[in-house]
């Protein structure tokens, strides 16, 4: 494995610091560095994905300290997919933020943005649990900054809750880590998997407590009932473009569950996660229907659709996981798309912003209506976009589970709610024309180029749909890798002869 | 010279401190300590704009020895007060000590000395900088105590600070 | 055990006990004495002779027992000697300020409040601040200064 | 009583106090609660290396015993991170108070704020 | 002999800290509490030195040094807060 | 290949139209016509092969994991359906060209229409049931857009939403049903599924699959009780109603019943569900139709009724009935599309669709009237029209069908339905075209241009022709289509106007008579009907939706009420529950590690800690005092670290503690010092309980681990390799800067980001509401006038260089002894902060000579570059190197790249801490009122006061 594996972490670090150091110079330096670096990142991560899809699990020992003693970076199909997804989403969001001048509405947007990527990518790459904690903290603290970007009372109030809840989450993370280290004596995931298998019986309870608590922390990030309460206000409070980037944040939680569940904890949390995910789905789509603003719609949609993903993950079974992996990029992009659309609505619609009430017509409405239709269709998992395929995969795979009736009922039922809600919101926002009050003085026509990043996301959804064959094949292989504990351990830990010192 | 060694006395003190911290004498330590002892005051000079005008001579050393002796003696005295004197028998008192010293550093040193020797604490300075407010735990004659302090400490400090 | 060692032991033990004793006496004073200004005298013992004795004990102990002589104790002493008077000074100021602004909370001690220095000056903590005077003496009720205890 | 008992109960007490404060309705005590929780966590994480008295993790040839250095390194990282986080949370709490006039976080209206607004 | 002296000294320092705790809770003024804390820090320094002698190591002295420096900053900050409300102004 | 092109053509046309929104109406219509004609031509081209029994099929794998492939398959049934879609579609496009008023965006309309057409065609062509699902939902979506095409009208939006909710919802059920079906059948390829009828019907999943599929079909085909959406879909422009809601989309449900007939039909469950539903729908729809006054509503409910009829026929489960069903499907498409166009013309020309305002139009618009009356006659089932034939066949089947053992039920109900349909059809004829002419119409009715009536004329002609020569004209298509439905040989198809006097004919005659009677007594019947006060489906639906939304809002608001306490309480509770669960299921054995005795001094420290903790928790409203207690906790924790062999931790804890207290004090200055109590006793009791539970859990967990022997921790490697491999004896530090340097890199990044965020937060605080509050801020503590006490200022000056020296020392020795970059950075920061405290913000800030942003940036970059630098030496990232060097005079010394890394750490720490605190104190400055101009480093400077220049 070449050092390129660390590029997704180091490149944003350099980009962040450069745009920080040049903050007083011309604005385009910061934005240019940030966008350029993100584009470069996308290229690099695609290369990594190609590498991952050709070989097996690849490990890179930082500092030449062998695993499990040093920190290893591990690249497999899952990690590579997350990296590509993150950088693609980030590219869209950074361009959007720059086009709409969001980056000028506060300090340090681009450095924070790059630091956020640093944290995300680090979390996806690391093979060490404590290192995962550190990168969680990086991505969280950067997200605090991004969430608060632009400020205002609502954002600040939402931010307080988001920050504090996550701080408590970090606290629980550390307790879990401590327990796991205390019992197994290691922090390396592969090593822990090995040691977990040979733990004395009297330690099982403590190990389980650590594992469950860790999973709960991940579930907090993934916004799983009852730990999802933070999300609606936080995401609806953030600048919509930032919330679009945050669509990946819930997936970090999901990723961590996917990574550690099968590898270390034998999917022990599944029995609780399935009902929790189903409950989340219900609450998410109820909120989706109840939303009074488009940004809340998007936030609840994110919760609901992430819950679908988590349902499939919680089955901890190979084909369901493959379905979940396919659904993961879909739900991320779809939710992000909805947030970007929200931003455009706020920008173009004028006074009413994104409130779901009738307003006079405004320029650009047709384009937004089309985008919204696509985004809504995607998020609700209707054909022909990828969400439908993802849902089918998940429904099909869940048939072998004893939960299938409940899963089907909830997924299909919430889809109906989503359809109703989208029809309601869409027809109010884009169809209903309220001519009282009279239309305000003619505004300058919106800059349609601002919709380009949303279009890029939509194109990704189309690509995901059209290329569903190869994509699902990749995801199936990724799922096999996830459940191949022995293969992962072999790749990460040096052969026994060289181990131990 | 002033730019390189804004506070030569300080530089010497820092070098000494460095060697004390290293806890061993080596040329390497001396060189490195020397570099630091020069660099640090250059950076901190901005925060200490004036030289205190202090003479690093014998009087200073004698003064310090005197203070140490007084600290020890006074400690026992105050210990007796605390242990064996009932609270209501104590004669606490405020002393306003007129100052002849006029540099902030000197007055601070005086005040510090007063505080370090048990039984008296420097509490405040007057707005015109001419009086030091001292609290004494147990004094029979405030005027005598003021005279004692002025004679014993301030006079010596007047010699040290030009 | 050589004679030198015995002497060292005695010295060290004595210093240790002395240090401990002064720390205790200082804190006893802190607990026992009637007003803050009196109590301030207590900890000075702990700072100076209490910690000082322990430090000297340590400086004797390590070389006496064949370890390298260390000078960190001197540094600690230096820092304590620089900072302790300032701490006391600031605490006294805070106390004086409190006595001035909330006399009812800080029952007047035996020594009472210090008289102002001559020459139309006042103590720095009190200054001559009309705004403050008004706030303390005016007591119109709406200012309702925050209570501290 | 053993050191283990003291440390365990201390962790428990700090956690209990931290949780209790975190559940209060204003930001400042919540931040204090977080600070207390982070003491608890630091001790907890540290304790996971088991307790050893007077054997710091300074390498010496032929040392008879040593304490587990890894949890200490982890705690160091955790201390730094929780410091940064606490600072941020605190500033955010202050900033929100300045912006909204309330430091209440229980989702109910702030009696202080209402009172103030009624008066003006 | 040193061992017994150490025990005695530590006992004294411990008792001193309990007395500090008393003053800390008793107050009555905020300045009293600051003073109690400040004294507690001094006693902690003494304890660290005693512990160093007990363990025959100088490893912990930096902690005492730092405590001496930093304890002062804390006391100053608390007092400054009482005096001005604003610690840095 | 043809099929691919065929399936794509409508979509291509749709895309073209969408891309050319500004072209003229003629061009739009031309594009649409061209594509539909091309598709129709293609269909005709492949038709002979299909009819000869060679089903055309292409298959492209799309999602193999799902068994979802693009399989297109054309058999006779598909051909029939596709022919209807394209044929009627072509007529509709032409009709729409003339129908739509000039202001309407023709391009968008036709684009949507073709999109819909593509989706429908997809349903007909799908050879994979999952693919069919996609097209199915696409029809719902595109029809939603078409119904809501006139988005400015409330009925349009509501109708569209209702249609989408019902058909979309049904589609979701269908997803479930078809997935189950494919799962049971073992394949999602239609051919395979159709071959598995016995397996499917025997499966325990059959009932579930059937019910779900039927839900899909019934909603789409507006079967009772889902019939209510269809009439409201009539808000769409008439071409849409004619196309979607009579001829094509609503037939998709019936089509799917036919398509899956071989797999699903033939069971009692099928019969009772499908036939009964059809039967009820037929009667209910017809009854409502009879009493409506809007022409389109009448037609819509008649459609409901007719769809019920078809459903019933497929529900009978016999091949003959299926044949009748498919035949009626064809007939209905012909006359109903014609009728809708007809109604559209009337609306267009007479200006209203209210039948009560119309009548006597036959003289005014004879062509329209003739066409309308013939089509309506076919709908009534009058000979010699197509409608008569298929209704006759229906009655024939009904007569032979028993329901729950009763032979009379089905014929009787069918008769009622037939009579009702005669009645409403005759009403259309009589009350619209016949009768006396009115004095005034909303507009002046006359026959429209040929473009509008020609399409319906063609359909009417077909209706007549089918009636006259049924076998000749339709046999070639109906017979193989029926064979495709039944999955075997087709039943004989011998439709004729005269079969002799059969029970069906008798029923038919009775129906006509009864229908006539009902029309004659329509007035009284209408009054009776109105007395029934049947609920209005739309209002009910809208009200239900509104209630649903309100309920959702109440629930969502109640759950997500913005209480931080609720969230945190849940988290803590969950953590405790997890602990209990884990021990319960995982098992626990007490540890055997020997315990360390606790000396009295430790017990004293423990007492301090517990007391301070309790004090912090129990007197939190005296915020300042609370902070002092917190300091006690920090002090004891530091002592514990020292006692328990963690000097590095102690150093860090001590220094972090101080900075934290400074931060807290700075913030507290602007916050309430002693706020009003908010929580009730009950809440506090809950919190206390939760706190105790959490404390117990964490304490027990710590105890459990501490008392058991370590499990060969990896740190033994660190211990062994620290000096030899990392070049340092302080294993903790080597771990931080070498073994786990990547962690530390992340850690300083966190700190840097925290500072940047604090900066970003506080920078704008002087503006807006918050700036206002700051300016209006009044010190809530009585303040001493002295800002910078002299002694403090002097001491701080002296301490600064000393502390920096100590910081440098702590930094350098960190690799081998307790210390390191982080602690050193904090010491330097604290020393600098002391200047701020002593001499004031302005004064110190001018002198600090550092740019914190740059420090943070350089810190992170140095750390990262140190990590990357090792690549130059062909070593993995973050590989450290160290060596011992000897220089003259200086002597031997060690250099390690890890120290460079540590410099990065120290810089980042100084930058972050200074930035955060300076910014926070800066904020407070804005709340001050005193001018800060002549602000010296000390208030009382005796030398200055005495006029001695310093």
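Order of writing sets the chain letters: A, B, C, D, E and F. Residues in each chain are counted from 1.
Quick note on the criterion: contacts are C-beta pairs under 8 Å (C-beta built on N, C-alpha and C of every residue); 3 or more make two chains touch, one makes a residue touch a chain.
This one's a predicted model, so the numbers in the text were calculated from it and none came from an experiment.
Peer 1: What is the set of chains touching both chain D and chain E?
Peer 2: Chains touching both chain D and chain E: F.
Peer 1: What are the mutual neighbours of chain B and chain D in this structure?
Peer 2: Intersection of chain B and chain D contact lists gives F.
Peer 1: With respect to inter-chain C-beta contacts, which pair, C-E or B-C, contains the greater number?
Peer 2: When B-C is set beside C-E, the one with more contacts is C-E.
Peer 1: Most remote chain relative to chain E, going by C-alpha centroids?
Peer 2: Computed centres place F farthest from chain E.
Peer 1: Which chain is the middle one, judged by CA centres?
Peer 2: Checking distances from each chain centre to the full centroid gives A.
Peer 1: Distance-wise, how many Å sit between the C-alpha centres of chain A and chain C, to the nearest whole number?
Peer 2: 56
Peer 1: How big is the gap, in whole Å, between where the Cα atoms of chain A centre and where those of chain D centre?
Peer 2: One centre to the other, that is 28 Å.
Peer 1: Give, as an integer number of Å, the spacing between the C-alpha centres of chain F and chain C.
Peer 2: About 66 Å, centre to centre.
Peer 1: Using mean CA coordinates as chain centres, what's the gap between chain B and chain F in Å?
Peer 2: 73
Peer 1: In chain D, which residues are in touch with two or more of the other chains?
Peer 2: 22, 30-31, 44, 47-49, 54, 56, 58, 70-71, 77, 81, 84-86, 88, 92-93, 95, 99-100, 105 - these are the residues of chain D that touch more than one other chain.
Peer 1: For chain F, jot down the residues that touch at least 2 other chains.
Peer 2: Those would be 562, 564, 566, 568, 572, 624-625, 627, 643, 647, 668, 698, 701, 705-706, 710, 713-715, 718, 739-740, 743, 747, 750, 753-754, 757, 761, 769, 780-781, 783-784, 786, 790-792, 795, 798-799, 802, 806, 817-818, 940.
Peer 1: Could you say which residues in chain C touch two or more other chains, in rising order?
Peer 2: Residue numbers touching two or more other chains: 26, 28, 40, 42, 47, 70, 72, 75, 78-79, 82-86, 89-90, 92-93, 97, 124-125, 127-128, 148-149.
Peer 1: Can you work out from the touch definition every pair of chains that touches here?
Peer 2: A-D, A-F, B-C, B-F, C-E, C-F, D-E, D-F, E-F
Peer 1: Please output the residues of chain E touching chain D within their complex, sorted ascending.
Peer 2: Counting only chain E, the residues touching chain D are 54-55, 57, 59.
Peer 1: Where on chain F does chain E make contact in their complex?
Peer 2: 599-601, 604-605, 607-608, 611-612, 615, 624-625, 627-629, 631-632, 635, 638-639, 642-643, 647, 650-651, 654-655, 657-658, 661-662, 665-666, 668-669, 779-781, 783-784, 786-787, 792, 799, 803, 806, 810, 817-819, 823, 827, 830, 833-834, 836-838, 840-841, 917, 921, 924-925, 928
Peer 1: Tell me, which parts of chain C touch chain E in their complex?
Peer 2: Residues in contact with chain E: 9-10, 12-14, 16-17, 19-21, 23-24, 26-28, 30-31, 36, 39-40, 42-43, 46-47, 50-51, 54-55, 57-58, 61-62, 65, 67, 70, 72-73, 75-76, 79-80, 83-84, 86-87, 90-95, 97-98, 105-107, 125, 148-149.
Peer 1: For chain F, which residues are in contact with chain B within the complex?
Peer 2: 790-791, 793-798, 800-802, 804-806, 808-809, 812, 835, 839, 844, 847, 849, 887, 889-893, 937-938, 940-943, 945-946, 948, 950
Peer 1: With touch defined as at the start, can you tell me which chain F residues reach chain A in the complex?
Peer 2: Within the complex, chain F contacts chain A at residues 61-66, 68, 130, 133-138, 141, 144-145, 148, 151-152, 154, 156-157, 160-161, 164-165, 168-169, 172-173, 175-176, 179, 183, 545, 548-549, 552-553, 555-557, 559-560, 562, 564, 566-568, 570-572, 574-575, 578-579, 581-590, 698, 701, 704-706, 708, 710-718, 720-721, 725, 738-743, 745-747, 749-750, 752-754, 756-757, 759-761, 763-764, 769, 853-854, 856-858, 860-861, 864, 867-868, 870-871, 875-880.
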